[in-house]
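Several structures are given next for inspection.
Shared between the two complexes below is chain A, which pairs with chain B and chain C, respectively.
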Partner chain A sequence: MYRYFYYHVIYVGLINIMIFVPWTLLQHRFNGAVSAIGIAIVYGTALAYLTTFLFSKFPGLGLADILKAYLPRGLSVLLNLIGAAIWCLAGVLVVYAYSTTIQQFFNPDMNPYLFLSLMTLAGVWGSSRSTRTIQFAQEILLLICAPLIIMILLKAVFSPWLDWNAIRVTAGYVTNPPSFVAFCAASFVFAGCNTLAVVNRLLPAEARIRFKWIIPIFCTFFLLVSFFIPIGFHGTVAVGEYLYVWSVTADSMIMEYGFVYRVLFLFLLLYTALSLMFAMNTWHTAMEFVKACHPKSKPQPDQYPVGPANWWISAVFGVLTIAYALWSNEERNQMVNQNWLIAQVFTDLLTVLLLSGFAFRKKRGQRRSAPAAAVPDSR
Partner chain B sequence: MRRRTVPLFVLAVLLLALSGGCGFKDIDKRFFVVALGIDNGVRPNMYKVTLRLAVPSSKIESGKTITEVESFEAPTVAEAVRHLKALVDKELDFGHCRVILFGKSLIEAGMDEPLSWIARRRDVSSVAYVGMAEPNAFDVLKLHPLSERYPGNALMLTFGSEGTESSYTLTEYLFDLIRRRTETGKDGYLPIVRKDIDGNSYRVDKVALLDKRKLRLSLTPEETQLFNISAKNFDKSAIAIPYEGTRIVLALSQVRTRVSFSGTDVPEVVIRIRASGFVEQGPPQLLTTKAESIEKHMESEFSSQLEDLLYKIRDSGVDPYGFGLRYMAKIFGKPKDWEKWKADYPRVTFRVVSDIRIDKAGIVK
Partner chain C sequence: MAGMLEEVKRQFEDATDLLAETLDNGYWKMDLAYFPALCDEKIKDGLLVPFSYRFDPDEFRRMLRANPKYERADKPDQWANLLLKGFVLLSIEGECYSFKSDRAFTTEPGTTEIESSLLGPQAAFSEDLNMNTALVRFRYNVPTLAAEPYDKGKYSNTSIIVMYDRELVNSTVLKRLHERLERIRIDLLNASSALIKDLTDRHYRLFPTILQTERPDRVASMLRKGKIVIIVSGSRFALILPVRLFDFMHAMDDEYDSYWINRFLTLMRYLGIFLTIILPASYIAIVSYNPEIFRVQLAFTIDGSRAGVPYPSFVEVFIMLFMIEALIEASVRLPRIVGSTATTVGGLILGQAAQQAGLVSSIMIIVTSVVAISNFVIPNPDFSQAVRMTKYPFVLIAMLYGLSGVAVLFFALIVYLCNLRSFGEPYFAVFTSRIKNLPPRGG
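Up next is the complex of A and B:
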């Protein structure tokens, strides 16, 4: 069962490219990105271990259910809404970033809202499914993408045109004091385990999450790759000038005997799947948070067919995406992205603090009421 | 169930209607640009843009490909390309443009503006091959090579490792050129593309070395090969050394170089190069009697040739090897180290330590 958990860790680690993590880090490459990456690796790993540990203390409960059980109603609703806002915005940002990338590289003459609305529709449909369905869809999508991901990453790392000297020069700036924004950006790569906020409902009580070393190893690898590979391909100076830095990096590789010789198109195809997956998951999580605000709501991870509430809430997220696209431009989008990256560090920290408080209270037997666990199937 | 199916169906139909607005053009209404050339215009401050366009044809036969060459002069490359659209009947598509040539006079004057246009265009592939055309890009692109099977593929096959792999031909990609133009301690180079004397094929056997702005030095074919071996570790090349009245040609099969620096105030660059290969041409009874003395002789000869080349390149004030970057990487350099290196570079000394080994003498003794 716990393999589903690692899918979340991996796709969140990979999606960082669409949420301007490499761009943010590369802007700070000479003033504190490298040391921030070092700190983020330690911090992110510690936080990930702590989060998984704490959620395992509340088997079968989502974050919203735990909040409901331990906090006064008003406070738990407030926290739920904050959670929903953060999660929903993540999906919005990725869908927007991906659709602008596609528009830029596939066909600039295209109506920019056309592709966006297609992506949004798919995201809305995906996220309104039940948690269980999403989990299965996720496995299939990630397994389809895996060969492509591995191929592009290995192709990049072993490319003879990759300049290790430039990477080494940049790594030498590790002595500069870390930059806060860069730290927030880098720690996002480790944020995958926070999806436990919803998927913990599906983990059976006896399931233990094993092989936790996967988190630091994979996420560190993704983080280092997404920061250093563009430097190796574009040099220490020119790399700061690209907006779509990873698309251009993928374009710097060539497949002589592939069907398409530009790796760029493969890369964009791959990120279609990853972005949709991310939107589906984040919106679903946000939706579950919103649903939990209703006093009579019950977690139903296996609901089929899904209730109308799912549709309506997801549709609102879809409308928000379009509205965001209407409002935003290159600059505003980057500003929102940076602030989102900073905000997610605080909400993750808050989650861990709250959960440790509850776990402590639970241990001392001070529960006010026995929380009604979503009974997982015997599957 | 029907209540839900009907709206979904309507939605799908609406989406189809939307796709009319996506600006897609059919493949038979597109003109694929297979090569792009940029020259200085006849009038001052003008650029002459030349496009080689593939005309689709059902015949796939050598020399039977049809391409159309169009050129136009305008104050910027962007304007020229916009204007060129009025000279053709189909939509221009740069997605398959795999060769970009810059005219010699353009590179001598500086090519910042054309490069900025290329870097901004999303559809020009970053893995396009770049080169310097001599005397100008228009003349080279007008050439119609006899061996061409697909429009424009003769020039594509010249570079890279798909077709011929010559040690005289250097390959340079667009993204690498852009990187080298701003990188600290690494300067650009461009292979020089000329028409062959008989006018039916291309000739790419020299290299032009650039500083951050313009052309500084052109190497001879022999120097180009030496540069390709030592800077790019190109291992399908040959070293020819005079020996006791004859010449020995060693076809290399493996080349490794390592660059290190002495700790002295003005650093000495030590290049250790290990090459091994087999003899293609040489005196009889080569391995049995004098293999070792031949190796020694080749090493000293090769080292002195390479040292001469390195000093020549250093004296023209460029660093296509990336010694500066390598130095910075070695010492984890900061901006002040870079300033020091820049000041020291005209005075650095080179020492080449070569280790040449003859693996085989061909299939005779």
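Up next is the complex of A and C:
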């Protein structure tokens, strides 16, 4: 069922707005963002192809299961915890960013922690479900969101207020040497395939991931849109002034027909779904990493009803989110975001390196035990 | 076996409606026990006539051995059960036999009352188990249709039959069903819905995970999809499992209508669900929290219609929702003759009076009617009830969080539905149909 894989690719590609990828890129728009985007497209595509290829060498196994089979216990636990931290933080950042966005644009009078706790609760509820449930939910939610996504994207691209000259001018800075932070931010758009770390458990052995060209086409499109469209709307200089740049961009569009006038509200409703999907999935992946640290843990991607461990671990992530919100402010949040974007590049690279090593060892027949697939027959 | 009569009389000590006597036709003596109320006229031609004035010992013996309605009943612990199921017990020449003479309470199929259809067959299940089995066999006419009888209910001792196509059925689901049936501890099994409670593992479920239907054609089409059907004696509804959410939204007319009509109606039904869940909550959210979402003219219209309403929007919503729920409940429970009174009075109030009195806004009346009508678009009553309940959490969250809360809760609802399993099979998942993987018949 490789189609589930592409849902992850697509919503991770779309969620970049909530993890301040456009903001980061736009800060470097005159000094290296454009060339960084170019490099990130090539690098991200290559890494995505490599990751999917390597995971296909371990059918039915999640990353945690592979680590367990090939590494000494202490090391695999350490790597699991690093993975859990990275994944969990991604969800925390998005939930925080989205609830502050809502606070600014939707419910300015509301206590910020009130909506944050609602988002957190929904995220915890989603992430504590079984992997298969999450796949189903992701598919349905993305299908429901698809008309909105397409509408907003088309409206943005074909808007008469979009100034193509500003876009051309910015694109002209492609000759500047690439900026590292911008490269990290841009390569996040291609990170969707990393969800295979858990989802690979549900991919049957014979299912090859086909249509891989979807990854470069869609992700490049999302990346270019989220960088260039705000420039087209706000101009090359003014675009750097906004922190929630895409909310403001969405507010630059109106709908002539229909009940709702400002596209902003549709955009925010759409990102409620996308942010929650992202939080659900990242926390679930983090939870699976934590669960895999227990020596007797067995992957159960289709557990029903779910065990209490799911609830407890997800609840801890929820508490961490609230704690992060208490600690954080705009400045600290930006700092954590930038560092997270840099860190994820390294963990992704580490994943690929480890997996290639294991695949090489597997080929040479050096594996210690034959790890069995989690779900032998999964449709 | 001379002790039969005594044993039966001992077990049914105060049951005066039991007929337990010794008949003597001058040649032989026969001990006879049965409940006249549970048995029908077959006993006359099948047993009393051959024993009395057409008596021939050889023929009578031959009849006992050859007629499939007669069976040996040697075990005393079966006797009570046989008598209660409408069998006649007879003891002759030291041998004990049972004679099947149970009365069928209905001899004709019922007519569809709940899942009516325009073009489909109008016959529905009746309350008679044999009739229902016949209706299924008539529509699903293949030798691979398996039927397993069970008796469930400590006090009601209700017969149920599990039917499935043994070539198409999912064996893990069947195994799970057998385990569940083994575990069932139920006192009175009066309706198939009572069985649902014990077959599903959750007592506090909101959405049905087993489909009840009164239509034999739906049962046949589900059997073709490899589903399992349970028919309960004395209930007009068959149970189908495992099912998915989409099966509840499927009216049988969808299979008889033309393609585009069917697509259009299906789409309309899903839109109906969405509206009936979201609309009251959105009304609260938009009026009280985020009026700026709507274009200015519309926001003014809504606010203008609320000009005379003295309290916040959620009070208004609760008043109107209470009215409409009470009206629905009244029209379900009231006898038909009085029923029209309730609808007329309710219609008057819901219609204009409440708005003219300044209790609710006119927009709210539209919202209420859309909610009610959209809810009735759902073809399955079980599912319709579940959806009817679902709008209240949304109303509550809209009171607290406005529209963004409604969006978050909608996400949670989707996850909840995806989280459900019907006998281990996914409940709400798209593009996972098994039908394409099933072998064609004779193939």
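Convention: the second predicted complex is superposed on the first by the 376 of 379 C-alpha atoms of A that agree within 3 Å, B and C clash if a C-alpha of one lies under 4 Å from a C-alpha of the other, contacts with A are read in each partner's own complex, and residues count from 1 in each chain.
Throughout what follows, a contact is a pair of C-beta atoms (placed from the backbone, for glycine too) under 8 Å apart; a residue touches a chain by one contact, two chains touch by 3 or more.
Worth saying up front: this structure is predicted, and the values here are computed from it rather than measured.
Of the two partner chains placed by the overlay, chain B and chain C both lie in contact with A:L118. After overlaying the two complexes on the shared chain, residue contacts for A:A238 are found with chain B alone; chain C is out of touch. Of the two partner chains, chain C is the only one touched by A:G126; chain B is not. Legend: residue contacts after superposition of the two complexes on their common chain; A:L276 is shown touching chain C, with no touch to chain B.
Shared-chain residue A:K212: touches no atom of chain B or chain C. Judged by the touch definition given at the top, the superposed model places A:N107 against both chain B and chain C.
When the shared chain is aligned, chain C comes close enough to touch A:F136, but chain B does not. Of the two partner chains placed by superposition, only chain B is touched by A:G172; chain C is not. In the superposition on chain A, no contact is made by A:H284 with either chain B or chain C. Overlap of the chain B and chain C interfaces on chain A comprises residues 107, 110, 114-115, 118, 261-262. Contact residues of chain C toward chain A in the complex are 201, 289-290, 292-296, 298, 397, 400-405, 407-409, 411-412, 414-415, 418-419, 421, 424, 426, 428-432.
By the touch criterion stated above, chain B contacts chain A in their complex at residues 11, 15, 18-19, 21-24, 119, 122-123, 125-127, 160-162, 173, 175-176, 178-184, 186, 322, 325-326, 328-329, 332-334.
For chain A in complex with chain B, the touching residues are 104-105, 107-111, 114-115, 117-118, 121, 161, 163-166, 168-169, 171-173, 233-238, 241, 248, 251-254, 256, 261-262, 264.
Of all residues in chain A, those touching chain C in their complex are 3, 102, 106-107, 110, 114-115, 118-119, 122, 125-126, 129-130, 132-134, 136-137, 139-141, 143-144, 258-262, 265, 268-269, 272-273, 276-277, 280, 304-305, 379.
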